[in-house]
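Have a look at the structure below, then the notes.
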């Protein structure tokens, strides 16, 4: 009987992305961060079912009650359940983080691409405007924009998104400049590909990795920025629950109702921490030199 | 042997001497940073607190809101009430040494009326001219009798600044104010502190027991209180109601509460612009009545102000001598509210309540929203930055507006600009000739009984038409070191340093 | 190098121009009639008319920009409407406060951040590394205003060790000044400490594996000498340039910190001015800080250029 030659499967060649994800999976911190983010996302999606009380239901008799069996996190200044408001508030904070960064990406990446790829006076103009925006302190720009647009969650997201755009413009532009001189790009040009095709097909994919890292870290910063704007009265307005606006009200009662500020503050901390961990992990995963 | 006694004696003397020359400083925490320190241009409430120590006025108010002399000693109305003759106190000088005489008073009143950007013009509009009768007597001539004039002169319009300094500094007088109050200006660091020191030639120096007064604006109420607790401040104004229980047990501090002369209310757009027609509240007085009936004022004060407010239904508080008693404060009646809405054909009216972003206004708005919901109202709370809200109200671009008013000593100050046709603060757009006539008559007579009767008639109209649903009158909450005594609690909410001292 | 310097200087002018347009536009386009906002509670029509005339509010936007820009070029940044003080005076009054706060924050950040970074790099993958990472992440993730309020409650109210707020000039009373500034400086610095820690760590790691360090180790030098003398010096270069740029970033942080602690610096000035519609103040202060930031940027680039021989020539 002839020996059966079992064809051992050759190890499949992994794409760079898959290799990066593998590296990511090995980092405990990043996985913990990811898990936490997923937890918050689920909390936000299933808030109506998870929250024990209506976050808007006021109760005159239960004003500023300490945590109890009925109200696990206590009640706020007009008798609403803090736990339910924290759970529902996840939506506002996650939205603030995600939508702001989407705005920044949507505005920043094309502009950065244009600046890096086209060069010349377009680049000079865009770079000067970007420098100007970066020279104004981010929070002040966001405050001025939010005051200009009016206090609401939507406007806060727009304000944060616009304020964070220059970072993505710079990042994209730098990546494009680095990639532009690569051989394959020159080859593609020589073959006669249109600028747009080159930009989208050859340059953009190489920009994605650092953008993902920066975007994740930017989400963390955006969540804090939303809390800061709400703290100043410019973000999500009551009665709609948002961690930042809850802290804004809670600061008046730190002495006699500390639970009002502990839980929203802690939630902001955890969410931001998770995104930071995830972002760090992604950065290390995409760039093996950083250990 | 003698030396043993000498050293301790010298030391003791040094200590006593030191104590005698140690400066007593009163440190007061304010809720905001005052604006420009020029009585003609000033427009903030906290500015008036600082002025109390810095600039004396012709008249002042006492705890019962009576007019009492300060720079003036007495006054007489002419027979037709079109001229007010004021006798000035002798021997009063400004901080720069200039004499306060009738010429100085005339200069000041004219400055209030004519200076560019003056905020006192409207207040002194009824005064047509000022005559110097003699060095200590001045006469104000009016176009028509104007009863609130004396009360107006207890506020910034009655404050006297040194003509010499005012002419020298011109529009920048506010950076180095020179007045005639118990303390003179030393320095101001914007948003940090205002430092005043004792004016040695003050006419009433027996009543002054501090060498320096320092005002520190600290916006956050809990931080303000923390400063009081830690001993960095001796006095704070506008303590948060929720902090009262926590401080009550502490014997190091005392709390004072006075009912304000202003109010918190909801202004309704009943005719300011076209939006009034689209607004269910603006269109139909029954809907307004239903809205008022859906509110439990007592509960609102309990929840939103921790009980630190008096319910009311008028432009003055129930404990005010000018309160018209003919209309009682309505009780909550949800059933009747629903019935009214059904009769009006709008069982579920929906409107936006424009609310400034201050925490108090937000709280009250949310409680109102929840209460009105039970009667079928869908109230949308629209948070608007204060500056923007004033502008929108001015243009009539709102349905209902959660607006508070800090109040004036004479009820006319809470009434005329709000309910007379086309007046600047008449955001509701209320215009009823009968009401205008009643208000004008109430300004023209100085007879308190007659005025009260007129106020009663005005209240009958206002309570029925509801251009403003008055909710309550807040307590001014002051917290201060127990070492202080002699505090005078005047309902205008201004901290007075006269007679105040450390024990 | 001269060419490089000239090129960089040439970019400052258009950048500042865009900054001025940006901040002017944002302020002037704020909703609400500014004259109404500035007129206050009494709402006197004659005051409103006066303010409209004074600030040329009835003139088109570009004319108003021209008036302002013209003033700026002559050294006049306008006047605060609220308290009638020239903006230049306000800036000079508050600059030392914010500079002190920012400097203290940077010092705290360097002390905690750099040492944590060194420890973390040298003791990589041990419990120390882990702890330092946690510290860094905590610094980046905590909202600074929340931290500030909690610190006030702990150190000022409960323990009474430090003042709750306010500012005392160091020339008046140095001890009180430091007591008042330590908490806000810590709050402001801890985020930057986290950033510094990471940069130090990664720079140290790169350097520690470099050849000349291996040589030093091979020579038998004490580990501490290796770390401090050779590795650190080279690792600090990017960190120092980062510190210069951080000044601009910290200003954003001062906005909330100064509001919470009632420190009369730039941050608080700007926030109050935005809400009070005190345009000239916001425009003037932002233009000033942007100029400082851009200048520091330029200096940092220069420093890097000088220090890094590879970039020269």
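Labels for the chains are A, B and C, by order of writing; each one numbers its residues from 1.
Assume contacts are C-beta pairs under 8 Å (C-beta built on N, C-alpha and C of every residue); 3 or more make two chains touch, one makes a residue touch a chain.
What you are looking at is a predicted structure, and each value in this text was computed from that prediction instead of being measured.
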| item | value |
| --- | --- |
| Chain located farthest away, centre of chain B as origin (C-alpha) | A |
| Middle chain, criterion being Cα centroid separation | C |
| Centre-of-Cα separation between chain B and chain A, whole angstrom | 46 |
| Cα-centroid distance, chain B relative to chain C, in whole angstrom | 39 |
| CA centroid of chain A to CA centroid of chain C, Å | 23 |
| Residues within chain A bordering two or more other chains | 147, 150, 251, 254-255 |
| For chain B, residues contacting two or more additional chains | 220, 222, 385, 388 |
| Junction residues of chain C, two or more chains touched | 31, 149, 153, 157, 259, 275 |
| Contact set on chain A toward chain B in their complex | 58, 60, 63-64, 77-79, 147, 150-152, 233-234, 237-239, 248-249, 251-257 |
| Residue numbers on chain C that touch chain A, as the complex places them | 11, 14-19, 21-23, 26-27, 29-31, 133, 137-138, 140-143, 145-146, 149-150, 153, 157, 202, 205, 248-249, 251-253, 255-256, 259, 270-271, 274-275, 282, 286, 289-291, 293-294 |
| Chain C to chain B touching residues, read off their complex | 31-33, 36-37, 39-47, 50-51, 54, 80, 82-85, 90, 93-94, 149, 152-153, 156-157, 160, 163-167, 259-262, 264, 268-269, 272, 275-277 |
| Partner chain A, residues of chain B touching it in the complex | 220-222, 225, 240, 242-243, 245-246, 299, 302-304, 357, 359, 362-363, 366-367, 369-370, 381, 383-385, 388 |
| Residues on chain A engaged by chain C in the complex (per definition of touch) | 29, 127-129, 131-133, 135-141, 143-145, 147-148, 150, 220, 224, 227-228, 231-232, 247, 251, 254-255, 258, 261, 265, 268-269, 272-273, 276-277, 290-291 |
